[in-house]
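Each of the next two complexes has chain A plus one more chain, namely chain B in the first and chain C in the second.
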Partner chain A sequence: MRRAPLSYPLAAVVAAAALLPVAVLLYLGVGAGPALSPRALGILGETALLTGLSVAGAVLIGVPLAVASACIELPLRRFWLVALTAPLAMPSYIGAFALFAAFGPGGEIENLLGLTTPPVRGLWGAALVMALYTYPFVLLTTRASLRGLDAGLVDAARTLGLSLPMALLRVVLPRVRNGIAAGALLSALYTLSDFATPAIMQVDTFTRVIFIEYNAFGLSRAALLSLQLLTLVAVVLFLESRVGSERERPGRPLSLRLQALPTTAVLVPAALVLAAAIGLPLAVFGAWLAREGTAGFDPAIALNSAYTAALAALGTVIIALPVAYAASAGRFGRGLERVTYLGFGIPGIVMGTALVYVGLRVPFLYQTLALLILAYMLRFLPLAVGAVRSTNERLDRNLVGAARSLGATPAEAFRRITLPLTLRGIIAGAALVFLEVMRELPATLLLRPTGFESLATELWRVYEAGYFGRAAVPGLLLVLVSGLALLVMTAGEQRIDNAPARDRQR
Partner chain B sequence: MLAVRDLCVRYGRTTVLDDVSFELDDGEILTLVGPTGCGKTTTLRVVAGLERPGSGALEIDGVHIDRDRFVPPEKRRTGLVFQDFALFPHLCVAENIGFRVRDRARVTHWMRVLGIEPLADAYPDTLSGGQKQRVALARSLAHEPSLILLDEPLSNLDAALKAELRWEIRAALKEAGVGALWVTHDQDEALSIGDRVGIMRAGRLEQLGPPEQCFSAPASRFVAQFLGEAVFLPGERRGDELRTLLGAGTARAGDSGDGPVDVLLRPDDVTLAADGDTNAAVEWSRYEGGTRLYAARLDDGPLLKVRTNHETHLAPGERVSARITAGHPLAAFPRESA
Partner chain C sequence: MQRRRFLQALTALGVMGGPLRALAATTPGAGSAARTAVSVDELPPLEGELTVYLGRGEGGLYENVMDAIRKRNPSLTLNLRRGPSAALANTITAEHEAGIQRADVFWAVDSGSLGLVADTGAARPIPDDIHAFLRPSFRYPGWAPVTGRVRTLPYNTERVDPAAIPEDIMALPETDLRIGWAPAYGSFQSFVTAMRLTEGDARTREWLRGMQARASSYAGELGVVMATERGEVDLGLANHYYTLRLKAGMPDASVALAFTRGDAGSLLNAAGAMVLNPGDTAFNFVRYLLTREVQGYLAREAYEIPLVSGVDMPEGLPPLSRIQPPDMDLTRLSELQPTLALMRDVGVL
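Here is the complex of A and B:
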């Protein structure tokens, strides 16, 4: 007897738009060449190797830090947790650029300190950067599963006759294993999608070769490579969906008091990781700023970034609203929402490739900001949908019914109840999209109109031209933007933690 | 005034409401009671307009509503009081109560009646369950509904609060003089609050009448058992006289014809004595404070529940003599050929 919710047709249009890039790539890429050439296999090997090494590094750094932050009483615990997740908010190209410039003969470390260091580049360099910037995924998921574990379980296992090590092995590890796997897969996803790090370190992964093909006017070959990369991404996403995360009502969290281990044994490695991931870029960009000043930086670039990001944030939130409301309205709506999540899995370079073709075919979009903003909207739509939906879902269904029974029309109930109560989610979603767009590189690189530079593309130009000193201002601004993103993200997380548990009756 | 006529609702193949009809007068409180899934909440939601009738019709204040002539909830002026209160979390108490009310005096009036004036500026998440329910009720009443619908209004509150708030709500409803449809699964609540009680089962209204009538002259064995402890004792009916193993009693007129019957016995219709011709053995006893509830197994018969005053002391296993001592006519149902 229920009519289809009003949000459905709008959400369906958005979902169709989200399918557009994949459709374009299929049209362009299928038949553009043999699916499995020796060259493609070479790229696949390089990509897989980089992903494997990065994930291994992320796990090696992330798991011990997770155990330290979840189970050991550390001084300034909250600070360490935020600081240790901070690299996640930084785009890895900042790190790649800084490490690339700092190490090796003629690098900044040699210039400043007179120490000769081995260069950081190639496969190992890229893996180091990816590990440094994706370990927080592993840290967060592992920590969550450790925190979700009730210490009562360990106690129960011990009263049933297991020794403490055996209890940890048989009760704790199976639960935490899923957390580690989930984080490792997120790290793999990030590595597969990342363009700038392999490009700066000169590793021939899919993303780098797609860019090379695009520059050589091989759009359909780029599309084919994009499809192959998407297949890899799909495999990782599938594996991720299989890693179930059980959740139980958290009881007393597991706490290990390691008297024997001084806290410095934990804090020193943590500080080292932070120094490499955050301290080094800040120091390198700071040194350049001191040496070369702000000359050579055109403030219009920062303005470009800010207003495209603002437009994209506004547009994304507007198209996210019907999707988020549809997702809460019924099963079909949830299906539509899933489709819009495609953007999450589509690497920026792939999104760029698909929309470049759209620009070639639709003259009024060619070389326009509108096309670039469309790319941002499709890519970051899931962020906005997620933020709006999570507040919307915590909204009691009966509130709208209550407003209606008090005489409010559906429009009035939306304006006075639904909208004010989801406004925080809408603003948080817009902020996240804004900050992501400020830092986006690959799609911007492919789609920016001639003469348009953003902070990220400016950094790329500086890298390509070799005038590293010019990177100081855009680099530091991007770090600042990343810091703001971190604030928004942690604020959102805290709100979710503090949300009162509602007793749901129906 | 509300009239519900031959109301049916189906979800797919399951029938949720089956031919439900009743009327509700202004100022009257009708409680709908029944086990989970009996359709009582659906009835409420159809009246509120949150659900569409499958067939049948409603009339609210003379406005006819059916499947084809649907009136949206905001046009019905039915005040709905939710089980989980549904207070708007971003509005304070006074703003909640005055959601669409122009006349501030009405808001203050109902806050005063329900004793929540000091909370006017508080936000819902700072209120206790009982306060939330008072706010929810005040909100409904301040919007001057033509009738009030209450969906298990007390079920999220603890027991001590329930008893107290029950009477407060009843008094406020009576003061407002509006009709109220009060859905509950608690038979004590239904019997003590309702001017009339409707007992629902599997989408049907099994009985509708004053509480005393439903309790003492239940229309079916289900109603008898749902409203309180009930034992069915085999017996014979001749005219108005009932003969059973536990002695004789008077039958209610019209319940059944002459012949074999099952007599409905409530725990206070029977007394136990430790002397005389014993015909039962005590199985267990439960101390209830002012009274004591005994279970006694009749020789080759059913388990009787008997409530005595607390001074009676009988040990489990003790032989007793059970006798019908009810001073009122008993309900009897034609014997089921089991």
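Here is the complex of A and C:
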């Protein structure tokens, strides 16, 4: 009989820990009140409305840009692709904060330019922010579908007399529908989980009301709402798992050449989207920096963020290793890996609520950095697992077999073969977790130790106190961190782009 | 009645002009008049470690007090946990129930939050020597009021004729004024609690419903005052100091203060501190908050009403003859849960 892989028991422990928040919420929330009160229905309606509007906006922005970046010969194509994906790396609260402060009477646009603009807030404001920061999901998935098309089919349709727009509508659209749907669902998932944007824009979504309940320490009501939100998240995740991607026989990629005028017609809207999503926050924070300087910002806050993020990244990678190896080892291991993916579906505010309760029951953890880092680890574990697993799966099993046949113990084979060869994935995973933790807001807000401020909580504090000028330094630092996250993500993207080539060699 | 007399005394001083001496006049019949505030120099240095839960620090001014205390007491390690007062009160309550004790001192901007914690039995009794600095009507067993604030109706001076503003808060929904409020803000919720206690739940519900039709919500009351000044709304509901602070930075701002008479609309509430972990450091910390320096600073910079004698009143406080706060035991403002339930039920929260 073959012994179960060494990674299984360790991965099982990690998977059990990943189930902990859901177990706590079920314990707290079930029976905490009627599941369908008029108020809960109101929150559900508001959440659904915001999600629907955000997704619609993301599709309206993302699909045309995907067509432009995949099929049209644009100048500086690579630059535009990276730039147009950039908003994905920024936490949407940066945008929400900047738009909230820039628009409306008395806003920064009026202060600096003398132009009176309508305020950006409420449901429409939140939907605008969400669309601006989640359209890249739609762009990326749609673009991937478009790249998989055979241009021959469009040519055939054209020779049979369809105009170009009609050919796009009747031949291309039905075949990229799944790509658009996948991106739309990711956008919906992000909108459902996001806390700060609805909070800043004052829309009563689940996440905002959970925070209000937490503040009244109605933990069981917060847990009940959390379970309702998790149900919505589960529905979206289920739909997403059902959206398959059909593979077509590869052919010549679709490519459209435009005259000079239509090129500007593509680039101007693209530039406008970037100006709103990235330019505006930079301008607003920059203006505040010029006006108020760096006074009032304590550098210890940046250090706090970096230090905690480093600890969380290290811890996450350590627990991700057995899970990733177990996932490559067999079906049971893959099942354990699936369980750890729960963390990704649990919004930060929900994770925070569950772990605050854990802290109250286990006082030596209450309000400690350890509990906060545990929350980060559970939440961002899937990022590290995914990164480690993708390199681990490319690892040639024969190398480990060869080492073993040459007399190495399993531990030595792991240390000398597997670990060095998956190091790239480990570092990429750690970097992703580090950067996500730097920007995390809601769980930090609930779980931080007394006196602990991170860049994100400092921005929140400044928003609550109404001293917007002091947001300059934390805001700009968060944009910088987001830029680094983008670099790590696009580096990963390039590897994925190259992956099919490697698959074919095998 | 005592509080009304206290304000009338302030008014009398204001009419006389010159530097206002808050609470210098003793209340007739009060057996033990307040002791004049001492200077920090007369207090022993603070030592050891102290964790303070600080309820919404008024735009950093309370933090400046904390920094000053830190600077004066180098051997003190002062840990701050910030948050909305009500949230911290709920946190302390949950901690107390779970047998956890993290906060040594709770300094909250809202007496309802302090009352909530006092009801759990977590608060330690305030010693007589601290009570001695406070006016008799402000001597509560479980907490020490630090500064006062009055509920006001800031209105836009270009859009609203002050004569059109009702003197009865209950009549506000019947006007055609556009109103700004901040229902999520702790002071506002205390005001609604006061209304429930004086007018009853049914009338309060009716009032909230009536207001809902003509009110715009803001995140905080500074936002309310700014929106009023801009003319986004005609009139707001806010604590007095937001308007005074706005006018200090913008003397020709088109906003002024109106007051209702003898009802919840002109509630005089207090910020205060309570000790949760008895010890010299915690009690001495509270004594620091009642010194001439801290009280003077909060009156000057935060425009709050000092509650010890011998400290100047904040500048720009409107004629106090127009203020008639309701008679109210501030600890009863802790009956917040029914208020929140009512506000949620009506749909304003």
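Everything that follows uses one rule, which is that the second predicted complex is superposed on the first by the 468 of 506 C-alpha atoms of A that agree within 3 Å, B and C clash if a C-alpha of one lies under 4 Å from a C-alpha of the other, contacts with A are read in each partner's own complex, and residues count from 1 in each chain.
The criterion applied here is as follows: a residue touches a chain if its C-beta (ideal position, glycine included) is under 8 Å from a C-beta of that chain, and two chains touch if they have at least 3 such contacts.
All values reported here derive from a predicted model rather than from experimental measurement.
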Contacts of A:A402 with chain B and chain C, given as first, second, both or neither: first
Touching partner for A:P299 - first (chain B), second (chain C), both, neither: neither
Touched partner set for A:P420, first chain B, second chain C, both or neither: first
First (chain B), second (chain C), both or neither touched by A:P174: neither
First (chain B), second (chain C), both or neither touched by A:P165: neither
Touched partner set for A:P75, first chain B, second chain C, both or neither: neither
Contacts of A:G114 with chain B and chain C, given as first, second, both or neither: neither
Of chain C, residues touching chain A in the complex: 51, 53, 56-57, 59-60, 79-84, 86-87, 90-91, 93-95, 98-100, 102, 184, 217, 219-220, 222-223, 226, 230, 232, 340, 344, 347, 349
In the complex with chain A, residue positions of chain B that touch it: 48-52, 54, 72-80, 82-84, 86, 88-90, 99-100, 125, 139-140, 143, 149, 155-156
Residues of chain A that touch chain C when the two form their complex: 39, 42, 105-106, 202, 212, 214-217, 219, 296, 360-361, 363, 366-367, 450-451, 461, 464-467
Partner chain B, residues of chain A touching it in the complex: 1, 396, 398-399, 401-410, 412, 416-417, 420-421, 500, 502-503, 505
